[in-house]
Structure formats: C-alpha cells, structure tokens
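As written, the chain order gives the labels A, B, C, D, E and F, with residue 1 at the start of each chain.
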C-alpha cells in the first residue's frame, strides 16, 4: 500500500488529541460540503461505491474505522466482507469523482486511527 | 301427617327398590306391590275423616325467601288419586314381577316405577303450587327415563315425550308463578279457597292459558297427542301404569284442582270443552284405525282423556263428579287392558289383530278378563265404565257456556263413545274371535294373570256396587265445588236421556264393528296428520334455524367481532347527546397554540398509518403517532407518561420487528384494506369518543383527589414526583396488579413460543442459555483477542467467520459501551423515581431497552441472554407482595408505607424493585422467545433455494 | 385495622403468593407438591370467602383501605354479601377445576401433556387473584387493573398446547377483550372527567343526578357488556371457549364472564342506583341474549359448542335479574349465577373428558356412551337437567326465582321468554344426550391418539368424578335452596339499597 | 378542543386498523386506539393546568392533575404487556401456519 | 416573548421536518428509505423535546432527550435489521 | 403563556445559546431537505444522518449554554455523547440494510464494489448469516 501517512510520535493521549483535532476538522469540513450539496439547487454529487481493503484486524479497530467513516459526512460504510484475505469495506462516497481518492481518504483515516490505537499497547486493543 | 307418611313411605320404597331387586331379582315386584298396597290401605284409613270434610295437611319451610313451603294435603280429590296411584301401582308391580324376563333391567325399572309412584303421590298431595310443579316435572323426567329403559330405539319417542311434556311443565311453572303472584301465596288451599283474589288479577287469564297448555301436554290433548302413542315403545307395565292410569291423569288432576278458580270464567269452558271433545273423537277415530293392540289402547287413552277434559270444562258439579268417577274407571279398565295385551304379546308373540285370532279357545281366562275390561271401556252395563259414561253424558248435557252447547257436547261424546265401542270390540274380537292361528299357545301362569284379574274383577264389582264409591267421589267433588249438590252414582238411574244416548252409542258402535272391513278401508284411506312427524320436522327446522343463528359466531371474522362494540359507541353517543344538558364552560384556557402542532402531526401520522400498504410504513407511522402523542403529553404536563409512552412505543416496535423478521412473507405482504365500511365505522367511533372528550372532560374545576395528592404527597411519602407517589404509595395496588399482568404475559410467551433450542432438543429444558443462533457467534465477546494484531496484511481473518456476521462488529463493539450506559441509566431512574420522572416502570423499561439492544447486537450470547424470566417474575412478584404485607404485623393495611429513620421510604423502593424485576422479566422473555430465530429464516431459505446441494431442513 | 379488615386482602394475596411460589419453583417441585400448593391456596381462599360471607350476610361491609390512606384517596377493598358470594363460588369452582385438571390431566392429550411449560397452575393462581380482586375492589380503575390481572393469564391459558386452533382462538379472544378494556378505560376517563373520582362510594347515585355521569358510565357498562358476552356483543365467546383445554374452559366459564356480569350489577346498582329509566335497555339485551344463545345452541353440532352457546343464553338469564332490579329479581340472578357456575362447570368437564378420551365431541360421531361410561352419563344428565331448570335441581330454583321476580315486577313477557328458552335448553341437552350417551347407531368414533390406538368409549371414572360431585352439589342446592337464597337475598338487598356499601367505601 | 380532535383522529385511525384482516395492522390499531384513550384520560384531568406535578420545581397552583397521569401510566404498561403477547401470538400463528387473526 | 416566539418557530420548523419524515416513510420507495426516515424522525423528536423543555420551562423533560436518543437508536437498528432480513 | 422561565442567563449567553440552537434546528431541517432532494437511499443516508446528527448535537449544546445548571449539563452531556456514539452505528445499519437488500443506487453512481472473481458464487458463510 502506498501513500500512507505515518503517525506522528508521542504518547497515547497526545496521539488521541492529535487524531481528535484532525478528525474534528474533517468532520466540520465534510458537514459543510454536504450541507451545501443539500441546500443549493441542482445536483453536484458524484457518488461512488467502492471496495476498500483494511489494515485493521481486531474488532475494535474495525468498528472504529467503520464508525468514523460513517460519522464523516460524504462517506458511509455499507458493508464489511471478510473475503479470503483481509477485511474489506464497501464505502459509499457522495463526492467521489475519483474512486481511488475515496479509497485513499478512507485509508488515510484508518492509518491515523491505527497510529493512535496501536501505539502504546497493541496487545490490549480488544480488551 | 298422613299425606307426608304416604309420600315418605313411597319414597322409601323407591330407595329400597334396587336393594330388593338385588335380593329377589324380578320378584322384588311383590314386596314392592305389597308396600304400595299397604300405603294405599293406610291412606284410606283417613277416608272417614276426609269424607267428613277434613283436610289433612302438613307443612314445612322449604324456600321461605320465595314464600315456598313443603306443604302437603290430603282431601277427597287427593285421596282418590292416591288410591289410583297406589292401587294400580301395586297391581303393576305384581304384574311386572312376572312380565320381566332375565334380560330386563329390573332394578332400574322397579326403582324408577316406585319413584314415579312417589312423585305422583307428591303431585296429587302437594299443597304448595311450587311443590306441585316440582313433582309434575319429576314425573316427566321419570317417564322419560322409563321409556328409555326400552333401549336406544326408544331414544326418539322418549325425547318427544320429554320435550312435549316438559314444554307443558315449563308452562306450568309460569302458571304457578303467576297464580302465586296473583294470589299472594303459593298455598293451594288458600288459593282455591279464594278464587276471587286470583281472578281479580290480570295475571289470571295468562295463567289459565298456561295451565291448560300444561294439562294438554301431560294428558295428550290436541295438538300434543302424538307423544303418547310413541311412548308405547316402553314395556307394557310402564305403559299400563304411567301412560294409561296415572301420569296422563296429572293433567286431569291439575284441571280439576284449578276448577274452583276458573269455572266461573266462560273462557275456561270455551277452551276445554271443544278441545276435550275434539281430542276424544280424533283419538277414537285413530284408535279404530290401528291394528296393534297397544296402539289402539294408546289412542283410546287419548280419546278418554279428551272426554275427561271436556267434562271438567263443563264445570258443573255433576260434570265434575262424572269426571272424577270416569278417571277412576278409566284407570281401572285401561290398566287391565294393558296388562292383558302385554300377556297376549308375551304368549302369542304379536299384538297385531291381523296376525292374532281365536285365542279364546287356548286362553279362555285371558279372553274373559279382556272381555270384561273391554266391556267396561265400551261402557256396557253392568261395568263401572257404563256408569261413568252415562254420568258423563248427563254432565255434557249441562254444558251452557254457549247456546246449544249441552246437546252438541253430548252428541259429540256419543260419537266418540260409539267409536270406543267399536274398537273395544275389535280388541276382543281381533285377538280372541275368529279362527285360531297359533294352536300351540297356552294360558299364562296364574300369577301373571292375577293382577289383571283383580283389576277386571274390581271393574265388575264397582260397576255393580258403584255406590261404594259415592262418599269419596262426592267428597272429591265437594272439594272442587264447595257446596255442590253431590251426584249420587248408581248402576240404574231409570230411563233418562243418558240411557237413550247409551243405547244410541251401542247401536252405532255395533254398526261400526259390523261393517268393520268397510270402515277400516275407509279409515286407512283417510289422511291423518302424523304428530310425531310434525314434531320432528319442527325440531329439524329449529336445529336448522339455530344453526343459522349460530353459524356466524362459530368461527367469526375478527372484524365482525370487533365491529360490534365499536358500532355501539356512536349509538351511545347519539342517545346520550340527546339527553345531555347544556355544556358548562372551561374553568381556564384549555387550548394552547402548540397543541395544534401535535394535531397536525397526529393527523399526518395516523392517516398515513391507516392508508399505507407497506407494513413497515404502518409500523413506523404508528410509532411516530406515539411520538406525537408523547409530545402532547409533554405539553399536557405529563413527562412521566411521555417517557413511559416513548419507551413502550419503541419496545413494542422492536418486538414487532423481531416478530416480522421471522416471517417468510416479510414486508411485501400486500395490504388488503377494507376501506369503505371500516372507514365509516372508524370515523363514527372516533367522532363519538372525540365528542365525548369534548363534552365530558376538562370542564370541571380541579378534582379534590388530585388536589389532595399535590398537597400531601411530599409530606406523606417523602416523594416530590407526585405521579410516582401515586403509583407506589397511594395506589400501589394498581401498580402491583399491573406488574402481575406484565409477569403473566412474560410467562405467557414461554407457553406460546417454543425456543429454537426446544425444536432441536425436543424438550422444555431451559437450563442452557443458548438459542440456536447463538452457535453462529458463540465466541462473541471473547473471540477478538486472537490474531489480527500483528499488522500483517496477509493474516487470514478467520476470526470473523468464527465471530459471526462481520457487519455486526460495529454493534457488538458499540454495545460494550452502550449496554452499561443503559443499565446504569435504568438503575439511576429506579433510584430517583420517587422525586423526578422515573420509578419502577420507566427504569425497568429502560432495562428492557438494554436487554433488547443486547439481543440485537449480540444475537443472544451475552450474559444477559442467560437470564430466565421465571426467577425474575417469581421473585419480583413475591418481593412486591411481601413488601405490601410486611406492615401487617404493625396492624397497618396492605401496602401502607414504612418509614426508616430519616424519612426514607423503604417499602416503596423495595416494592418498585419487585415491579422492576417483573418488567425486565417480560423483556427477557420477549428476547428469549420472540427474538429467537425461527426454523426457516428468510435469508436462510433464500440461500437454500439458490444452492440446491444444501438440503432444506 | 381490625383482623377482619385485614382478612379482605387474603383472597388476592393468597393466590398471588402461591402463584409466585409456583413460578419460582415450577421446574424443581414435583407435580404433587405443585398441586398441593395450588389446592391449599384455593382452599384457603374458599374458607376466607365463606367466613366473609358469614360476616357480611347481615349487611355488614368489611373494608380495607389499602395503604391506610384516607377515605376517597385509598383504594378500598370491600367485601359485602354480593362480593363474598362471588368469592365463595370462585373458590369452589377453583377447587373443582383443579381437581378436574389433576384427575384428568395426565396421559396423551391431557392438560399436563400439552402444558409443557407448567403454566397452568401458576397462571390459574394469578387469574384467581384477578377475579377475587375484581370482586373486592370498590374503585373503577382498580377494577380495570384486576380485570386485566384476570385476563392476561386467560390469554395464556387459552393457548396452552400451542395448537393452531387455540392460537387462532386466542387471537380473537385477546383482541376483543383488549378492545373492551380500551373502551372501559375510555369510559373510566370520561367518568373522571365529569365526576372527578372513580371511586364507587363517591360515585354512588351520581348517574341519577347528573346525566353526564350516566353517559360516561354507560361507556363503562358497554365495555363490561362485551366481557359479559351480552348479545350482540357475544360473538367472541363460542369460538374462544370451544377450543381451549377443557379445564381452562371450565375455569373461564365460571369466572371471566361472571366478573363482567358482577361489575355490571355493581356499577348499575351503585352509580345508577338502579335507575329504572335504563332498565328496558338491559331487559332487551337480556332477552336477546337468552334467545340468540339458546337458538344457536340448538343448532350447534358439537358438545362443547352447544355448551358454549348455552353460556351466552344463561348469561341472559342472569342479566334478566338486573333488568328486573327488585330484591327478588336480583336475588334470583345471584342465586342463578352461583348455581349456574357449578352446573356449567360440570357439563364442560364431561364434555372435555369425552372429547379427550373418546377423541371427538361431534354428536354425529358419538353415541351409546352411557353403557360404557355410566358415571359420566349420570354426571351429564344431572347437570343437563339442572341447566334446563328441571326440579329439584338447583337450576330449577334459579329459574323459579327469576320467573317469580319477573312476574312480580309485571314483566310477564320476559317471564314467558325465560320459560320458552328453557324448552329449547332442554331440547339441546337432549340432543347431546341422544347424540353422545344414548343411541347406539353412531359410527365408530375416531381413535383418540391417531391410527392404531385402541378406540376407547370409556370415560374414566376419575375424569367424570368432579362433574358428578358438582352435579350432586346442584341437587343439594336445589333441595336445600334456602341458605343460598337467603344469602342471595342479602346480597340483592345490598344492591337495591347501596347506602351501606357506598357509606362504607366512600368518603364520609 | 385540541384534545378532542387528537382523540378523534387516534381513535378513528385505530378503529380503522383493528377492522383490517392482518393481525399486525390490528395490533397497530390497538396501539393507536390506546393512545387516543390515554389522551382522553389525561384530558379528563383538565387541560387548563399543565405544569408537571413535580413538587418544588413547579407552581403548585398550575400543576396538572396527577391522578389521570398515574392511570395512564398504568394503562400504558398493561397495554404494552398485552401487545407483546399479541405479537407473540402473531408469531405463533405464523409458525403454526395461516394468518387468520 | 421573543424567546417564546423563536422557540415556537423552531418547534414549527422541526414539526415540518417531522412531516417530511412522515412523507418519506409513506413514499419509501424502499424499506431502507423508511428506515432512514425513522432514524431521522427520532432525531427530530429529540430536538422537539429539547426545545419543548425550554419552551415549557421544565428541565425535567430533558431526561427524555437521553432516553429518546437511546430508543431512537434502538429502533433504527431494529428497523434496519428488518429491512435487510425481509428483502 | 409566560416566557420560558428557565432562561436565567444574561442576554449574551442567551444570544450565543440561541444562535447555536437555531443552527441546530436548521441543520436538522436540512436533513429533511436532503431526504427530499437526494436521489437514492445511499446519498440520503449519507447526508441526512449526519446533518441531522450534527444538528441535534448543536441543538443540545445550545440548550446547555442557555441553561447551564449542573444536572442539565450532565444530562445533555450524556445525550450528546450518546448521539455522537450512535449516529455512525445507526447510519451504517441503514446503509448496510439498503446495500444488503440490493437497493439500486442512482445511475450516476460509480460501482467498484464487485467482489474479486475468485470469491463470486460462493458468498462467505459469515457474510450471509442473518441475525
């Protein structure tokens, strides 16, 4: 997998705060996009439904990434398949001119999340 | 005392009859005969006093509340009937001892026959109207049972006899009650002693009609004659006793008894005389038409009873005494004839006159006895039948209820009697005359003949010495007709009209006999209505009609059931609307602007729920209507109720979803709305209750009770949430009952729905907490720890397969947070409910939400899924109950509050806890049963269809 | 609170306690122990009821104000003669029903076999608590609650065995009762809306003085008429009662509709003070109920169907007493109701036993049972004659009293209808007798347990014994009618003159 | 007035649904009917005093009548228990075959 | 008074939103749409309750907000399951 | 009708609170518009659940600003937390339901969700299991 952001250094609380700030920004930005879409006349949406392979393995990781995707306006998790190898997520994006970009944004979010979740005590991730 | 002893003695005899039969077999008839005879003799020891005008009575309280006494009397009329009942009874018992073979149910017959004798005695000695009715009905039932001793073939005729006579019986009940009410007493003596009291009441005439109806059924008058010939299916002793001598005379007795009351009314005569004479003629014609000896006798009985009825209807003292005498005479000759016919039947194996013949040569004694009795029936001198018939003629001539009634009545009686002469001759000639057809027959044993012989001899003796009877018959007549001039009977009156009529009778009768072939041919061609067939047709039509009446209710459409109460609401509303006074005004503003928001929402959601064809939409919109109602409750100042409604609404919806999920049809089921009538009904009902709400609610000042709660709740209970204090303190019983309802429903789910595991294991064992689908994700919570944390992309994600559907991961992880939150919220609400919205119900409903959520998230394998409803409900019930009772030792009433130091209400919290447990029990049961997977879930079945290699279960 | 007042809770608390125990211990206790718990509880209730009756027969009203709150605030539990009579008959019927269920329970097709969750005893206990509560409470809303406490177990019991027929019947039964309960609540709300109270004592006579109270209470009466199965609101009953397990039907017939009738009597007596203006409506309903019920019974083709239609008809007789509303008429109705409960129970027991042991209740497929099962035949015959009103059985006294009451009130036509209906009753009883017990020409009945099992024409003596005992009781109540008549009269007097009752339960 | 309208609508809708053939609609009808009656009962306490009867938080004189609220609370829960059982009957009927309510 | 009017306006807007949810439930076109409308409807109701608590001056009503959130969520999940199971 | 008597704060506080509340209301209302306007269930779910979710959070925060009493703050805090926690789960549940029941997406949707060829025809057992 290419183009993945590595998580910044630091302890778990710091990582959490870092992630939260980033996500809150994303959250409001995405909300604004969707709100504009809804309130302005005419359709500008460019929807796509894509399959995204996940790095997440534990239940908490998977649940977390699915929740975050779904909480973010513009993206919505539709299904999780456990195929033969890695878990894969079916994601709906409202503004996905380029499906690869949609995948990338999901994976970026996952990377950031995992960076925070796995940092100090990966063995506790499913406590 | 004497009537009581006679009655008691006969009852005693009846009770000992089975025992006697066990001891002596069919010979038990002899001791029973002796017993009855002894009672008869004993009864007649009073004859002297009674003839002198004494009435022996005895009375005991029976139902003083209804003014009914157990009162008996013995006067002349009673003694006459008692004598008949006991005398003929004794003869029939003795006769039965020889008649019955080994294959007869002797014990039953003797028991019932003696019991019948007792009932008849009770009937004719009763001095209380109700008691009379009681015995009347007992004779009906015993008659039914006695006819039925003939076996299954008797079922139909016995049934006809029962229904017809019981119809009269119920009529008698009505008559008795009406007369009792009219007279103000049920004492027979008082009533007949004061006829004017009854006659003054408007009830008198309906009562008379019912009396006549009763008598007509019992004594087989038209149109109820048909049951009597049918009853001949019974064995001959029974026919002789019940259906010739005694029971059929009960109607006659009844008419005689009430003659003193009704004779003054012309209507009495105008009904009874034509009815009786018509019956007499029709019966006689029908008798002449028969070839079966027993059938002839049966129709003859009908005919003779008709003469008696008519005579009573004439109502003069002479006619009444004629009736009294003829009653006696008829009992004698008819019982004799029946017994003899029974003997012929037994010996010759037939009762058909066309098969019999010439028996006089082989059975001379039988022939002689039959001849004597038949002559008496035919009214030939010097037998008693002659005397009674002549007096009847005289009596009829006295009929004066209409111009020319006397002569017409007498001539009609002559016609009937001529026919009687003819069929009497047929009996004798048919059996004994002509050529012998069965040469190997012999005279029956003397013991078999003896009872008939005695009766026949009595008939002869009492004809010659009829004067012996005078004192008693006079007394009986005087009992009915106080101050009447006694009619003195004698064999020879000299030449008078009656004698002329007798001669005419003989001549005509002989003529009929002489040309018997032609007469018979004519009669056979005659169309005769078959009463039994008519009865059967009516019965069949009734059953058919009843089926029509009942059919809609056998398996009614639910809407047909539900529509009726609903439709009565508008009816009620309209009726009430007419009678209501002007509306009082509201004590304050009743409408707020925001109300209209709710109105709009309710209108939209309800209309949508009603019209939508989608099940899910209906479900959702109903839920929205609930939410709108909850908003209204908030506006109305009822946050507790709103909260409860919200919770209940959602829990209901979720349970409905769980139910629907298992349906094969799913949500695609097309709606079949019955729009038109349903909508009209709905609108009418809605408008009715809406109008009622408008008119009847909110227009009075605040209620005192409500004010009391607001004023005293805090001081009395320590709680500030007044609604909750009402629930747990002031009206704890309501709440307790409500919790019991919830608990019962919880356990009901267990009865109704099988766990999926039950299907698999075929047992009701609940100890294991897994439902079948839990095997799919049994490792649920703990499964996530293995693998996946290495970060390698290639690691096979097997854990998901073990953990169950991948898509529930979000839910399952989420539940780790949400379930504890819900549980905590639930317990928090339980704790603080007394002061703020909350309390046992609301908190337990939140607990229910938690349980349901866990079910949806985990599909049944969480610890909460292992809870069983029974311990929750049982312990909750006992906890609440015992909390309520705990104050009893202090002398306080159930559910009285108990204060701990510091004004803490212990009882209400524990009580609430019990309620909590019961409600959670319901949710646990719902999850356990409704939430369980059905055998063929929709998705499973779809898969199986697409993959044929997997066999369907 | 005196000891006597304390006792008033017993008919509710005892079965609830037993029910709680049975629910908790259902799986662990052996069946004999469970039965013993239930029997003891019901016997204790019966004893308490008898004692309360003895105390209240002179017009005394024993009241316990629950929670010890003041008059008008507390829910009053009140026992008067009427209530106590009903409690007593409930106890006796309960005992008979438990005996029948126990004696006829085992084996294939028996109640115990179909009651795999062992719900019968605990649910019966809860039901009895509800019934007793309904007879005791003097508060309309509490009455609603107790009626529900009675009904919900009945919803459960009717579906015992998960048989599709019963499930369908349970749906009908539940929905109609739910509707009635909802209407009841609406009426109750209206009463509160007008009068500001739902306590019977405080509502005494209110419907006479205020037509709005009369209108509001009429809604309550309408709901109760559904529960009492008055024509035209009766059409749920035959279906529901003809498929439930026999022991359950016995229980239902004696208790459920009777609670509706009881409440009709009580409310009309107290709130309307027996207002003669509305009696003609009740009279018409009563007569219609009598006639329609009996006609349908005459036309029906199965034992239980006939009997359930008769239930409707007999309810008409009882309500006729209300329509008369004189001491005699009301006493007659109460006497009639008490004896009828026992008689109908006996008939239903025989019907259930026949259905189960012979395998069908269809008259066309039965016949000649009397020869093989004399005890059942005698039990049936006695009870059937009593039902028809043949003396000297209790049904006769009931009918006599009713007819007397009607004639005394110059309702001659009503008396004549009552008499005529008796004939039809007899006709339909005869139909059962000839179709089931007499007559040997019936085709062989279906085997009880499917093909291959032995055809049993025998109804075991133990299955018929409770019915025989009840039949004997009917004879006793007929021969020695006065005690019950006297008690019924006392109860009726309490309804005609409600000042005692209202004064005892209401605010001073 | 508004209460009466709400009652009318809820009752009419409820009755319309209980007269339908499908048991699920019947169940929903009873739910609506129940709401209607609950509104009626609350209205019976009077609609001119609408403060929640929470002592200490509200003006006593403006408080709604608490008794009908207690009635309705009780009635709601009873109806709930019965509705759950009715839904179970629906399910039992399904598994037994046939949808005759 | 202004506050009251504003709150009433807010309540009106939310009421209209709820009507839209009703419309979506009725129209569908799919059961999934109905599920969405249910979810949305509960959100609106939570908002209505919160505004009513302000409007009626009763903070006790805010408890309903918490409960409504939970039950709305539960309902949505359940309805969603139904949509899927019955398709 | 009296003015709401829970508003005990000053005018600035009320203005801030009121604005946030109004924003919340508008966000919620925008959900309604989205539900009406967007072309398919996926877009509707995507937009509506979030807009409304944010709206309700804003509304509750606004109320908290208006009525900053301790127990109100706790209640609203719990409510907001629960909202944020449940919104994604609920929207996933709906989207998943639509997806699994093969609700078609609007034609302009780019579909790249077909499973790899090796997995077609044998859907994973875990995937298809009903709950």
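Here is the rule we use: a residue touches a chain if its C-beta (ideal position, glycine included) is under 8 Å from a C-beta of that chain, and two chains touch if they have at least 3 such contacts.
Quantities reported herein were computed from a predicted structural model and do not represent experimental measurements.
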Problem - Separation of chain F from chain C in steps, with touching chains one step apart - result: 2
Problem - Least hop count linking chain D to chain F through chains in contact - result: 2
Exercise for the section: Compare the CA centroid of chain E with every other chain's and tell me the farthest one. Expected result: B
Practice task
Name the chain pair with more contacting C-beta pairs, choosing from C-D and E-F.
Solution key: E-F
Practice task
Would you mind checking which chain's C-alpha centre is most distant from the centre of chain D?
Solution key: A
Handout entry: Whole-Å separation of chain centres (CA-atom averages), chain B against chain C
Key = 14
Fill in the blank from the handout: Whole-angstrom distance, CA centroid of chain B to CA centroid of chain E, is 58
Exercise for the section: Could you please state the distance in Å, as a whole number, between where the Cα atoms of chain B are centred and where those of chain F are centred? Expected result: 66
Handout entry: Centroid spacing, where centroids are CA-atom means, of chain C and chain E in whole angstrom
Key = 48
Completion exercise
Each of the following residues of chain C touches two or more other chains, namely 141, 145, 148, 152, 155-156, 159, 162, 167, 171-172, 175, 179, 186, 189-190, 192-193
Problem - Touching two or more other chains - residues of chain D - result: 18, 26, 36-37, 40, 43-45, 50-52, 54, 57, 67-68, 71, 74, 78-79, 81-82, 85, 89-90, 92, 101
Fill in the blank from the handout: Where chain E touches two or more other chains at once, the residues are 21, 31, 35, 37, 55-56, 58, 60-61, 63, 66, 70, 72-73, 77, 81, 83, 85, 87
Fill in the blank from the handout: Contacting chain pairs, sorted by label, are A-B, A-F, B-C, B-D, B-E, B-F, C-D, D-E, E-F
Completion exercise
In the complex, chain A touches chain B at residues 1, 53, 55-64, 66-67, 79-82, 84-87, 118, 122-123, 125-126
Problem - Residue ranges of chain F in contact with chain B within the complex - result: 1, 78, 82, 85-86, 88-89, 92-93, 96, 100, 124-131
Fill in the blank from the handout: In the complex, chain B touches chain A at residues 783-785, 787-791, 793-797, 800-801, 803, 806-807, 809-810, 812-814
Fill in the blank from the handout: chain E partner, complex, touching residues on chain F are 1-7, 14, 18, 21-22, 24-26, 28-29, 31-33, 35-36, 41, 44-45, 48-49, 52-53, 55-56, 59-60, 63, 66-67, 69, 71-72, 75-76, 78-79, 82-83, 86, 89-91, 93-94, 96-98, 100-103, 130-131
Exercise for the section: In the complex, go through chain B and note every residue touching chain F. Expected result: 592-593, 773, 776, 800-801, 803-808, 810-811, 814, 817-818, 821, 856, 859, 933, 937-940, 943
